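Look at the two complexes coming up: chain A is in both, with chain B in one and chain C in the other.
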Partner chain A sequence: MVPSKETESMFHTEQQVGQYYTIPSAQLKKAFPNGLPRRFQMQIKTFNEACVMVRQPGLELISYLKRADYAKPALRYILFGEVGCGKTMSLCHTLHFCSTQGWLVLHVPDAHLWVKNCKELLPSSSRPTRLDQPIEASQWLKNFKITNEHFLSKQIKTTRRYIWTKRESTEEGRPLGEMVDHGMSRVKSSSDVVGALLRELRLQAGGATEDAFRLAVAVDGVNALWGKTSLKKEDKSPVSPDDLTLIHNLKKMLRNDWCGGAILTTLSQTGSLFKPRSAYLPTELLGEEGFDNMDPFVPIPVSNYSDKEFESCYLYYMDRNWLQHPHSRTEEGRKELLFLSSRNPSILERLCSFL
Partner chain B sequence: MAATIASLLKPWTPRLCPVRWSRYNPYYLEPEPRREAYAAPEAELTPEERELKTTRSIKAARANDNSSPYNDPIISKFINMMMQDGNKILAREIMTQTLEAIKRKQVEKYHSGPAAEREGIECNPYAIFHQAIENCRPVIGLTSVQKGGRSYQVPISLTDSRRRFLAMKWMITECRDNKHRRTHMYEKLSQELLAAFANEGNVIKRKHDFHKMAEANRAYAHFRWW
Partner chain C sequence: MAASSRSVFSSCLNYTRSFSLTSTRTSRQFTRQICVSSRVQVNKAARGPEKFSIEYIRKHAEEFEVGKRRLANMMGEDPETFTQQDVDRSIEYLFPSGLFEKKARPVMKHPELIFPKQTAAQWDKDGRPFHFLFYTGTPSFYSIMHDTFGKVLAIEKHQDQMRSKGALPQDSKQISLGGSRWLLKEELEEVLVENISDQDYSRFLQLMDKLLSLPFCALEEEFVQRFRKQLEIQSTKQEIPDVHCDENGRSYSQAQGRRKTATASVTLRDCGSGRVAVNGKDCLLYFPILQDREQIMFPLHFAGMLGRFDVQAHVEGGGRSAQAGALRLAIARALLSFVSTPAEVETIRQAGLLTADPRIKERQKPGQAGARKKYTWKKR
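And now, the complex of A and B:
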C-alpha cells in the first residue's frame, strides 16, 4: 500500500488510517511555535516538509470533537499509552484540526517543564504563599500570541480591571492582546497575566454572541500537575505543584465548569518525576488526587503501529531516501526492523535514523 | 585420535605473556558469526568438514559480533577505539549519533537542492564513513632504526591493519583535541568525516604531512634490512 501524501484536509476518515498528510509550512509556524516533539522538528528540517501519519486515536478524538455538544460543560479527553507510542503526535494532529476550524488553541507543550529545572523562582506579587516562574510564563505568552494572533487583537475584551502592581493595571474592556503584551514586557508579573488570561478565556468561551469562539485547552504531560516537583524554596523545603501560580491556574482551567470547548490532555512518563518507566495507565501516572480531579474523562488509548501503519512508515522513509543501509531496503532488513523496534514508533524512528 | 586431541588441548601458556594478547591455545578456531556458513544441511558436508565441526574447539564469540547484515567490522573497530573506561554503550551511542548527523546533513542537502544535483549527493553514512577512512589512510610510514649509535627515521611500507589503525586514531584524536570544547563528539566527528570524504580537513592534512616526512627522509630508506 503506497502512502498517498495528501495535502492537508480535515475531512479524514477511517480509510485514510496509515496514510500521511502534509501540514503546509505557513500553518506550521503559526500553529506549533514549539508544540511538536524535538525529533519530529528535526525530521521536518531534514525532509523539508511536515508529514503526519493519520492514526486511529487521532481520528477518534477528532470525531468526538465534531460530534460534541458545546452548550454543555467541556469534556476531558486523556490520551494514554506506552512510552513512544505517538500520544503527542496524535494531540498535534487534533490541534491542527482545531486551528483550521478556527478554534482558539491554548497549548501547553509540556507541563513537566514547568515543575522542574526552573532557573528563577520568585515569590508571587499577588499572593504571599505562591511562587512565580517569570521565564516560563513569558515564553508561553510569546508562543500563545503567535498561535492566536487574530483572536487577541480584535475580538476578546477583558471583563474587569486587573491591577498588576501599584502603578500598572489593565482597564476593563481592553483587548486581550494588550494584556498579553504587558505580560511579555513586564516579566515579573507574567505569571499573574497568564492566570488572568486563563480566567478571561474560561468566562468568554462559547458565548451566545456571533463572535463566540471555541476553546481547546491542550496540555501535554498533564500528570505533572498532580505529581511532585523537583524545585526547592530558599529554605530547601520541597515545593508542591499547588504552590506554583502557573500550575494552580492551569488546574482551575482543567475543571469542567465552563462551556464551549474541549480539554485535550496527554499523559507522559518521559518527562515525569519519580515515576517508574513501566507506568503508563492513568491511575498509575495521575495518582489518586489527579485521577479524582480529572474524573470523569474520556480515555483514548494509543498503541504501537499496526502492520499497515508500520508498512506505511517504512515506505515513507524509503520514499524520502532516509533508509540508506543496503540491507534495510530488502525484505529481510524490514523484518529485522520490525523485530528490533517491536512496532514502537519512536524506537523505529531512532533505528532508521542511523541505518 | 582422542589421545592426540587431548594432548593438543592440554593447559598451554604462551612463552611471552603480554597483557592484552590472546591466551587461547593456537589449536582453537575463530568463531564464524555469519548465518550463511551454517545454511548447508548436515548431510551435504564433506567428511573433513564434519570432523571439523564435531571435534575442533572454537573460541568464544565476541559480544559485538552478531549475525545480522547490519553488523560492520570497521564500525565495530572504530567504536572500540573510541571507547573509554570500557563504556561501550556510550561509544556506540556516539557512533550512531554521528551516522545520524551525517545522514541528516546529506539528506537535507538532497531535499533542498535542485533536482539536477541529486545524483551527486552521497547520502549513505556508511559509504561516507568508509570512504573517509580510506582517504585518511597513509601509504608509507616511518620507523626508528638504530645504526651506529644514532637512531634514524626510516620510511617503510605499512601493513593494512596498521594503516587502518592510524587513520582511525588520527580521526579520533583530531576530534578530541583540536575542536571547540563545548561541541558534542558526534558533531565534531560528523564534520571531520564529511571533510575527509571530500579530501579536505585536518586529518587529510596530517596524512599529507606524514607522507612529506617520509619523502624527506628518503635518503635513509636503504637502512631498512627487511
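And now, the complex of A and C:
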C-alpha cells in the first residue's frame, strides 16, 4: 500500500492505519518546539517534511479523547510498550490533534531530564526543604510560551496575587502571559512560576464560560516522577523526586481532581534511572508508589509494526530515496530488514540510516 | 595355563615396539632363570633400525588371531563375529588408561598395522641385487619414473602412427581428473616403502603432468589412476537431522551447535513468520547488538528461507558473540533437513556454515602472564 501523504485533517479513521500524514511546518514549530524525539527531528530536517505514521494506539487515544466527558474529572491515559515501539510518536500525534482542536497543551517532553544531570540546584525561596531547578524551568516556560501563545496573551487571568520575592509580585487579574514572561526573565523564581502556572491552569480549565479551554497535560517518561534521581545535595545525600519543586507541582497536576481536560502520559525506559532494559510494563516502571498514584488509568499498549505498517514504512523510505543500497530495494533486502529490525520502528530507522 | 595365556597376551599387547622384545624376554624369565649372568652389552645403535622379517610378522599375526578368539571368549562374545571395533572396545574396558595421548594407550591390532612395512631382502645369496636400479638407493621410485617415461615414449610413437594414418589427435578421449588428486609425498612413500625427497616428488609430478598432456594419454589411464586418490564429496558425510511433525501439523527439526563454551539447541518450525525466540525472549531483546543478529540471520538468508521459519532456541554459556555463533551453527544444521537437493547442502557446506569453529581460549603458559603476553623483559 502506497503511503499517501494524507491531508492534514485530523479526522483519521481506522482505514488510514499505516498511512503517513504531514504536519505543516508552521504548526510544527508551534506545537513541538522541543517535543519530538531527537532522531525524528533529524529525519524532519533531512526530508524537509514531518511525516507521521497513523497507528492504532494513536487512533485509540484520539477516539477516547473525542468521546470523553469533560465535565467529569480528567482521565489518565498511559502509553506503554517496549523500547522503540513508538510511544512518544503516538503521544505527539495525539498532541497535534489536541492543538488543532484548540486545546491548551502542557507538554513535558521528557520528565527524566528534570531528575538527572541538573547543573544548578538552588534551595527553593518559598519552601526551605525543596530544591529549585532554574534552567530547566525557564527552558520549559519558553517552550510553553511558544506553544500556547494565543492563550497566554488574552484569555487566562490569574486568580490571586503571587509574591515571588520581597520586591516582585504578580497582581490578581493579570494575564498569565505576564507571569510567564516574569518567570523567563527572573530565572531564580522560574520554578515557583511553573508551580503557580500549573495551579492556575488546573483551576481554570473546563470552566463553563464561553472562553473555556480544554487542558491536555502530556508527560513523556512519567515514571521519572516516582523513581530515583541521580542528583545529590551539597552534603552528598541523594535527592528524592519529591524534593524538587518542579516534580512536586507536576505530581499535583497529575492528580485527577480537576475537570475539563485529559492527562496523557508515556512510560519510558530509555531515560530512566536504575531500571533494567527489559522492563516495560507499568507495574515495573512506575513502581508501587507510582502505580498507586496513577491508578485508575487507561492503559494503551504500543507494539511493534504489523506487517502492513512495516510495508508502509519501507515504501516511505524507498519513496524518499533513503535506502541507497541497491540490494535494499529488492525483496531479499526487505526480508533482511524485517528480520534484523524484528519489526521494531526505532531499530528499523537506525538500520536504514547513515552509518 | 595361566603362564601360557599371560605369555600370549603379553606378546599380543604392544605398548611400544620395544616392549614386544621385552615381553619375549619376560616370557623367557617365566621359565625360571636361576642365575643371572652378566650378559654381553648390546650396542643397540650399531644394529641399525629394527628389522622385522616376514616370518616374524607372520608368527605374530597367528598369535594375534588366537589372542582375538581368547579375548572374545573372555568377553563372552562370539569369536567368529568379533570385529576389530569389538577388540578395541574390550581392550579399553579391560585396561582403562588415564593417559591423554591416545597413541600411548594399550592397543591390540594386527601386526601389519603396528610394525612398519619393510622391504624384503633385496639381494641374493651371492650379494647380487635383484632389482636393476638397486644402486640408485630408491629402486621402487626410480622404477616408476622409468616405467612412466617408457609409457610417454610409447604414447608418442602411437601418436606418430595415428598422424601418419591421418587420424587427428583431438578425437581421442581424455582421462577425467575431476574428483581426485595426486597422492601426497607421504602417501607415495607409504606405497613405495622408501623415503623420497621433495625434489624427487616434484619431478614425479612433473613427469605425470607431461604424460597427461599428451593427446592419447587415455591408453594409460589405469596406470595413472594408481597414483591418484579419489576425493569423497564431503557433504555426503554430513548428518542431516530428521523432520518431525507436531500435533498442529507443522513440521519441525532440531539441532545443536557449539562455539567456545556456548551450547545452543534450536527447533526450526515450518510455516512460520520469521520470528526468533531465544531463551523465551525476542531476538531483538536478547541480542541488542546488530552483529549478533546478523550472524543468526546468515544461514536463513543464504538458503533464501528468511520468512519461512519460526525459530525457538535455547542457549547457555559463553559470551554474547559465542552464543550467536553457536546459534548460527545450530540453525544451519537444522536447516539441512528442509533443504531439497544435495547440491544445496554442498553450497551451504562450502559457505562454511556447517563447520564448527574449533578456536578456543589458548592456555596460559608458565613463565608468561597470558597465552602470548610475556613479562617485562629486562636487559640486565
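One rule holds for everything that comes next: the second predicted complex is superposed on the first by the 353 of 355 C-alpha atoms of A that agree within 3 Å, B and C clash if a C-alpha of one lies under 4 Å from a C-alpha of the other, contacts with A are read in each partner's own complex, and residues count from 1 in each chain.
The working rule: a contact is a pair of C-beta atoms (placed from the backbone, for glycine too) under 8 Å apart; a residue touches a chain by one contact, two chains touch by 3 or more.
Worth saying up front: this structure is predicted, and the values here are computed from it rather than measured.
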item	value
Touching partner for A:Phe291 - first (chain B), second (chain C), both, neither	neither
Partner chain(s) touched by A:Ile347 [first = chain B, second = chain C, both, neither]	second
Touching partner for A:Glu336 - first (chain B), second (chain C), both, neither	both
Touched partner set for A:Phe47, first chain B, second chain C, both or neither	first
First, second, both or neither for A:Tyr64, with chain B first and chain C second	neither
Larger contact residue set on chain A - chain B or chain C	B
First (chain B), second (chain C), both or neither touched by A:Ser278	second
Set of chain A residues, in rising order, touched by both chain B and chain C	332, 336
Chain B residues touching chain A - in the complex, by the definition given at the top	68-70, 96-97, 99-100, 103-104, 107-108, 110-112, 123-126
Partner chain B, residues of chain A touching it in the complex	42, 45-48, 320-322, 324-328, 332-333, 336, 353-355
Chain A - residues contacting chain C, complex	82, 277-278, 332, 335-336, 338-342, 344, 347, 351
Chain C to chain A touching residues, read off their complex	274-276, 281-285, 288, 290, 293-294, 297, 300-301, 304, 306-307
